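Next, two complexes with subunit A in common: one pairs it with subunit B, the other with subunit C.
Entry: the complex of A and B
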C-alpha cells in the first residue's frame, strides 16, 4: 500500500498530492468546557461564574476567559452543535480522531494519518504527520490504522527534536551518504523476505527523518525575538504552538499539538481560569501569524477535544464528560469566516439545531482540504472503504 | 460528637457556595450559583426559608453582615458588591456597585467594629470600603487574590494569592507590612496553576494567622489533601501544619473559629467526599469529625456558639454523559443546608 497505492483512483491520488494544503490540529485532551470557552451561557443555572464578552463578529460572544481569541472570531468558524456519542476518554479519543466510520473490522486511521496518506508529504518531503506533545516523543504506528504503520505519527516530546537528529560531526557528508547507500541496500535485502508495509514504513520514516535533519532550525526558537516568544507564552502550550508554526512554515503537511490536563472533574472554574488564558494567548498568536503570512489561506486549523463538559456542576465544583452538546473551533482554508454553526438551548444542555457527529466533521475537513470525501475511497487490500462515514455529510454552513 | 446528626436539613434547588449567620442569629444567608441570595429564618431547631433575593449575576460568592447595623453585604462573580437589609421578605438595597471588581469577586471581609469592609478578586485587586460603599483604599496585586481577612484590630488587611503568597497590608499607610509563604498551597501541573488557598482567618486573638485550603497533588481531576496552616502573625513563623485524609478529600473550603479555641473546618473532595473536622491546633488529628456530608462548601457558626450550619451537596452529584430525572429533565445539583448543634460540654 505504499506510494500512491491504497486509494482506488490513482489519478485522483496523484492530483491530491499536488495540493499545498496543510493542517494544524490542536487537541485539548480531556475535554475543554464549552461553557467556559466557545459557547458561554452566562447567568443561567449551569453557566458558571464567568461573564461573556463580545467578539469581533457582532452578536457572537465567547467566555471572558478568551479576550484575544474573541478578536480572532472574524477568522473563525465555531460549531456549537456537536452531538457525539462516546463519553469515555479511552474510546472517545479514538472515535473522534478516527472519524468513527461504520465498523468494518479494521481500525481506521487517525485524521493526521489519513491526511498524510491522501495528500502525502508535499514538496517539503518532511514527515507528513507530526505530533508535538508534552512528555516523551517517538513513533506511534497505531495511528495509521489499516493504512499501515508508515502513516503513524512522529511525536516530538516537549517539542524537542529527536536525539541524534543532526549528523554526528565526526562523519563527513560523504561518509554519511555512503552509510545511507549501504543502509538502502541492506533494507532491500531485508524487505525481500518480509511484509512490505512494515519494511516500507521503516524506510519511509527514516527517509523523512533525514529530511528533518536538514531542518533542525525548526526546533530552535532561541533565535526568535523575545517578544515573539512571549506572544505565545513560556508555558508548554505556547512553546509547542510556536514550534508548530515553524513546522507549518517549513511545509509539514499535518501538525498535531496536544495539550493535556483539560479533564476538569474537580475545581473546573479555577482550572479554566488558569488554563484558558494560556490557550487564548498562544492559539490567537498562531492564528494571527498564519493570517499575516498568508499561510492561513492554505492551512486548515482545528481546535477540539474528545467531548465537552457537563452543564451540571458536580460537588467538587467540576464538570464531567459531555458528548451531548459541545463545541469546536476551526479556521483557515476552505472554512467560512466569522460564523457560528448550530445552537444549544438556553441552559446549554442540549443541541437545539441539527446535531453533528464526528463523521460530519471529517467530511467537512476533507472538503475544506479539497478532497472529495464521497468519491475518494481507500483500497484496503482490495476492500473499498470510504474515507468518512457514508451516512453523514459535510456541514455546508461551515464551508467557504 | 459521634454520630453527629443535623437538627434540620433545609433543602435548596441550587448549589450554595457560601453561608453566614447574621450577628443577631436570626437569619442565615448564603450565595447560590444561580445568582440568588438564599435566606432562612433561624428557629431553635429549624431553618424556615425566606424569599430568595435577586439582582446578582453569575455566582453569589460571598456574604457578610455588619456587626451592629441591619445590613448584609453580598458579592458575585461578575464583580458586583451590594448592601441591603436582610430581615424582611423584601429587603431594601442600601447601595450597589455593579463593578466593584472586574469579574470574579471572591471574598468579603469586615472589621469587628464594622468600620471597614475589604474585597478581593480575580482582577488581582484588594479594596477597602466604608459600610456605605465608599472606596477607601486599593492595592493592586500581581496575582489572582483568593482569600482575605482583617487583623483583629482592623488596621490591616491580610490577603492570599493563587501561588500561596500571603501579605499583610496596612491600608491606611498603603504599605505591605508582612509577608508569609505557603508554597504547599500551590502547584503547577501541566499548564494548570493550582491554587490551594481558600480561606484566611485569625486565631487566638490575632496571634495566629490561619491559611486553609489544600495541598495540590494533581490538576484537572484535581487530587489534593485538605491542609490548614497556622502562622505566628508577629514573627511569620509557621507554627502548625495540619493535613487530613487522602488526596480524594480535596479542599478545606471554609472554616469557623470557635470561641472555645478550636477550628471548625469543612472539606470538599471527589464527589461524595466531604467532612466536618474539629481541629485543635498542634494536634495531628481532628478531635472530632463528621463524614456523612458530601462536598461541603461552607460552614457558618451561629453567634450562640452552639449551633452551626453546613452547606453540602446532594449525593450522586457527578456522572458522565446524559443523566435525566424521571420526567426526562436534566436536573441541577443542590445544596442541603444542615443545621447542627454541638453537644453540651462535659
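Entry: the complex of A and C
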C-alpha cells in the first residue's frame, strides 16, 4: 500500500514545520553489548560475569552496570527484539542511520537530515541538525544524501564549535552587529533590482550566522558550570550530553551525540565495566533534566548502536558483532513509558517474538514525532520516495 | 522597432544569428538593455580572466569614448594569459566536482587551454589517456581519482560511468544501472551498461616505474556483459557501446593472441590487450559524429557564458526535455564542429552577443521574464577561485600574498601565502565533493567565514598601501567612498551610497582604520560582490 501516499504536499510540509518536537539521538558507535546493558542474562551460558538489578518498573531488569538508568526505566521503552541485517560497521552504521529503505540507487538521508528536512529548524532558527562527537567537527554534507548537502550535519568535534562560529575576538558584539547592519543597508540597493532568490539566500545565511553567534553561550563549551559537569561526568560523553541538553533547550531540532569505543571484540567485560558507568551517569542525567523541565514530553530520545554483540564470548574475552538479537532504548514524546517490547530467548541468542528491523524503527520514530510515515514521501526531482521502508510498520507497543 | 524576422542570413555573423534566435523566442517579452559600462567590464573580466578590474581599469574604461571599446575589451581578455587559466579552473570544477586538487591534472588543463587544444582531442585524452606521454598523463586524474578506494566502499565503476555520461554527453544514466529510466524514455539499461563494460574492464594501477601518475590497465574482454532489470527481471546483454550508439563487436581472440603485451605477474606487468574497449568507446563517443557529444559541450559553453544552459539540467539532455532554443543549440553545435571544437573561439563569439551583454537589472515595476528566455543578464555566484582572487585584488593584498612563498605567522606582512587564501575560500565557498557546482548557494559556512575568520579580518586591517591603509590616509570621505566602490565593486557609488559611507566614516572618525575596514567588509560581504551580474 506504500505507493498510495501522495507526494509531500506543500500544505502538509508547512504544517509539519510548525512542530515543536525535538530529537536526541545517542549513538554508541561500534555496538554496545545488550547483555551488559538493556537485556542481561545472568547465570546463563553466555550471560557474562555481571548480575542484573531491578529497575523502577517491577519485573524489568537491567545489567548491574547501569543503576542510575535502572531508576529511569519508568520513563523509557526498551526494545529487546531488534533483528537487523548487517554485521559490518562500515555498511551497518549507514544502513541503520539511513533507515535502510529498499535500494533506490540514491543515498538516503541520515535520520538527522531527514528530520531537518521534514520538520525544519523551528522557531529557534538554529541549525536543525547538530552532531556532537569526539574528534573532528565541521560541516558534514554527506549525511544529507539525496536531500542535498544543506541538510547535512553541523558537527561539534570534541564538543567545540565549527571553525568561525564564534565571534572573532577582535570585534565586540556591538561592533559586529553594527557593521552587519551597514552590510544589510548597502546590500538593499543592489537587491532591489535583482532576482530575490539569490539576495534572499545571502541575507538568510548572514541572519542564521548571527542567530548562532548570539547563542554563543550554548556553543562556547569552555564555560560549562562545574557543578553540572560533575553531575553529567567529567568525561567526553558527560560533557557532550550536557552540551546536547543546552542545545535542545535552545531549540536545536535534532541533536546527535556519538560515543566511540563500543566495539569490544577483546576484553568485553572490563571495557563495559569501564564505559557503562559513564553512559549510566550522563544518559540518566539528561533524562532527568529533560523530564524535570517538561521538555521530555516533546523530545524523542533514542540510544542505540549499529548492532549488538554476540552472546558467544570469543577467545579474547570479547564479543563480536550480532545484528540478530539486540536492544535499544527510547524515551520521550510519543513513546510508551515503562515498557519492554519483544524478548530474546533464555540464552539471549535469538529473538523470540517478531524481530524488528531498522525500517520499523524509522516508522516508529516518525509516528512518535507526529509525522505520517506512510503518507509522507520525499520528492527527489520528481521521483517519489518513501521516508521509511514501505514494507514495514511502526512498533505499536512502543508508541504511547 | 520592426518585427523580428528570421531569415537564412548566412552572411550574418554568429553573434547576430544568436541574438536573432533569442529575440524570436522572446517574442513580445521586452529584452533588457545593454549593461552599463562598469557592469559589463566587471562581468567580462570575471568571466574571461577570473579577476576583478582594478580601479584604474574601471576609470579608463568609463572614460573611453570609442564605440568599439567592448569588442576590444573582449579581444584583450580572451587573448590574455589569464584566459587559459580561467578556462582550466572552469573545466576542473566542472569535470572533478571538488573531488580534490592535483598538480599534474591542473598542468594538463592549463597547457591544453593555452594550446587551445580542440575539445574532442581533450575529451579523448581524458577518457583514454596515453599514460606514458608526459604531456597527456595528467589527464588520467578524471578517471583514476574516481576509482580511488574510499573507506571500505567498492571501487566506484558505476560512479565513473555515470560521470562520463554526464560530463561528456549531457546524460545522467545513473538510474539505468539497474533498470531502464522510469521517466526518461530514451535512457535504457544497455546505454549505461555499454559504457560500464568498458570502464569496469579497467583496473587502477599505482604510479610506478615508467608511470608517473596512477593509471588504468585493461583486461582482455572476451564476452558481453549480462544485466537484469531489477524492475522487470528482463535480461539483457551488451558489449562496449557508446550510449545510444552501436555496439562494438568483441573480436574472437584467444590465448596469447588476445595480448599486445602479455600480463606477467612477476614483472608487475598487467598486460595490454589488442582489443581496448576504452579506446573503442572513446573514439566513437568523443567525436563530431556523435550529436550528444557535440550538443553537450555547446550547451556547457553557453551555460558558462550565459549562466544557464539551453538544456537544463546540463546532464538531462533527452527528447522530453528539449533545449529552450533547439535551433540555437544546433547552430552552436554545427559551428563548433566547423571550427574544430575550438572552445576559445566559441566563447569569444558568445561574448560578442547582445544576449551576453544585457543588464542584469530589472527595470522598476517590470516583472521578471522567465529564465529560459535570456531576456535579462543572469546573476551567478562567483566560484571559490574567482572569489579568492577578487577578494585579494579588492583589498589590495594580491601582490603581497601571491609573492609570499612561505607563510610566517610571526610576521604580519608574511602571514598568509596565496595557497592559504585559495584553500580557505575553497573550504568556505566550494560545493561539497561530488555535487555539481552550478548554482552555488550562499551557505552558513560561507557567512561565518566572512564574519569571523582571521583571514578576512587580516585583509581589512591597514597594512602599507593596501586598500584600508590607502583610504585611512585619505581625508576626503566622498573620495574614500569612491575608492571603496571602485576597488571592491568595480563601479562608482551612487549619491546615496556615498552619503552612507561618509556618514559611517564621520560617526566612527575616532578610529578611522576600523571605520574604513568596516565599510570594506560590508561591501566585500555583499551579494553584489559575490555574484557576477
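The criterion applied here is as follows: the second predicted complex is superposed on the first by the 344 of 400 C-alpha atoms of A that agree within 3 Å, B and C clash if a C-alpha of one lies under 4 Å from a C-alpha of the other, contacts with A are read in each partner's own complex, and residues count from 1 in each chain.
Simple rule for what comes next: a residue touches a chain if its C-beta (ideal position, glycine included) is under 8 Å from a C-beta of that chain, and two chains touch if they have at least 3 such contacts.
It should be emphasised that the depicted structure is a prediction, and the values quoted were computed from it without experimental measurement.
When both complexes are overlaid on chain A, the residue A:185 reaches subunit C alone and has no touch with subunit B.
Of the two partner chains placed by the overlay, only subunit C lies in contact with A:205; subunit B stays clear of it. By the document's definition of touching, of the two partners only subunit B reaches A:263; subunit C does not.
In the superposition on chain A, no contact is made by A:298 with either subunit B or subunit C. In the overlay built on the shared chain, the residue A:71 is in contact with neither subunit B nor subunit C.
By the document's definition of touching, neither partner reaches A:214: not subunit B, not subunit C. With both structures placed on the common chain, the touch criterion links A:48 to subunit B but leaves subunit C unconnected. Common to the subunit B and subunit C interfaces on subunit A are residues 88. Those residues of subunit A lying in contact with subunit B across their complex are 30, 42-51, 64, 87-88, 134, 235-237, 259-267, 270-271, 273-275, 278, 310-318, 320-324, 347, 349-350. Those residues of subunit A that touch subunit C in the shared complex are 88, 90-91, 103, 105, 127, 139, 141-142, 148-150, 152, 154, 162-168, 170-171, 175-176, 178-180, 182-183, 185-187, 189-191, 193-195, 198-199, 201-206, 208-209, 212-213, 382-383. Across the complex, subunit B meets subunit A through its residues 14-15, 33-35, 57-59, 61, 77-78, 103-104, 122, 144, 162, 189-195, 219-223, 250-251, 268-274, 294-295, 312-314, 317-323, 330-333. Partner subunit A is touched in their complex by these residues of subunit C: 151-153, 174-175, 177-178, 182-183, 230, 360-362, 364, 368, 379, 381, 431-432, 435, 441-449, 451-454, 457, 494, 496-497, 500, 504, 514, 518-519, 521-523, 525-528, 530-531, 533.
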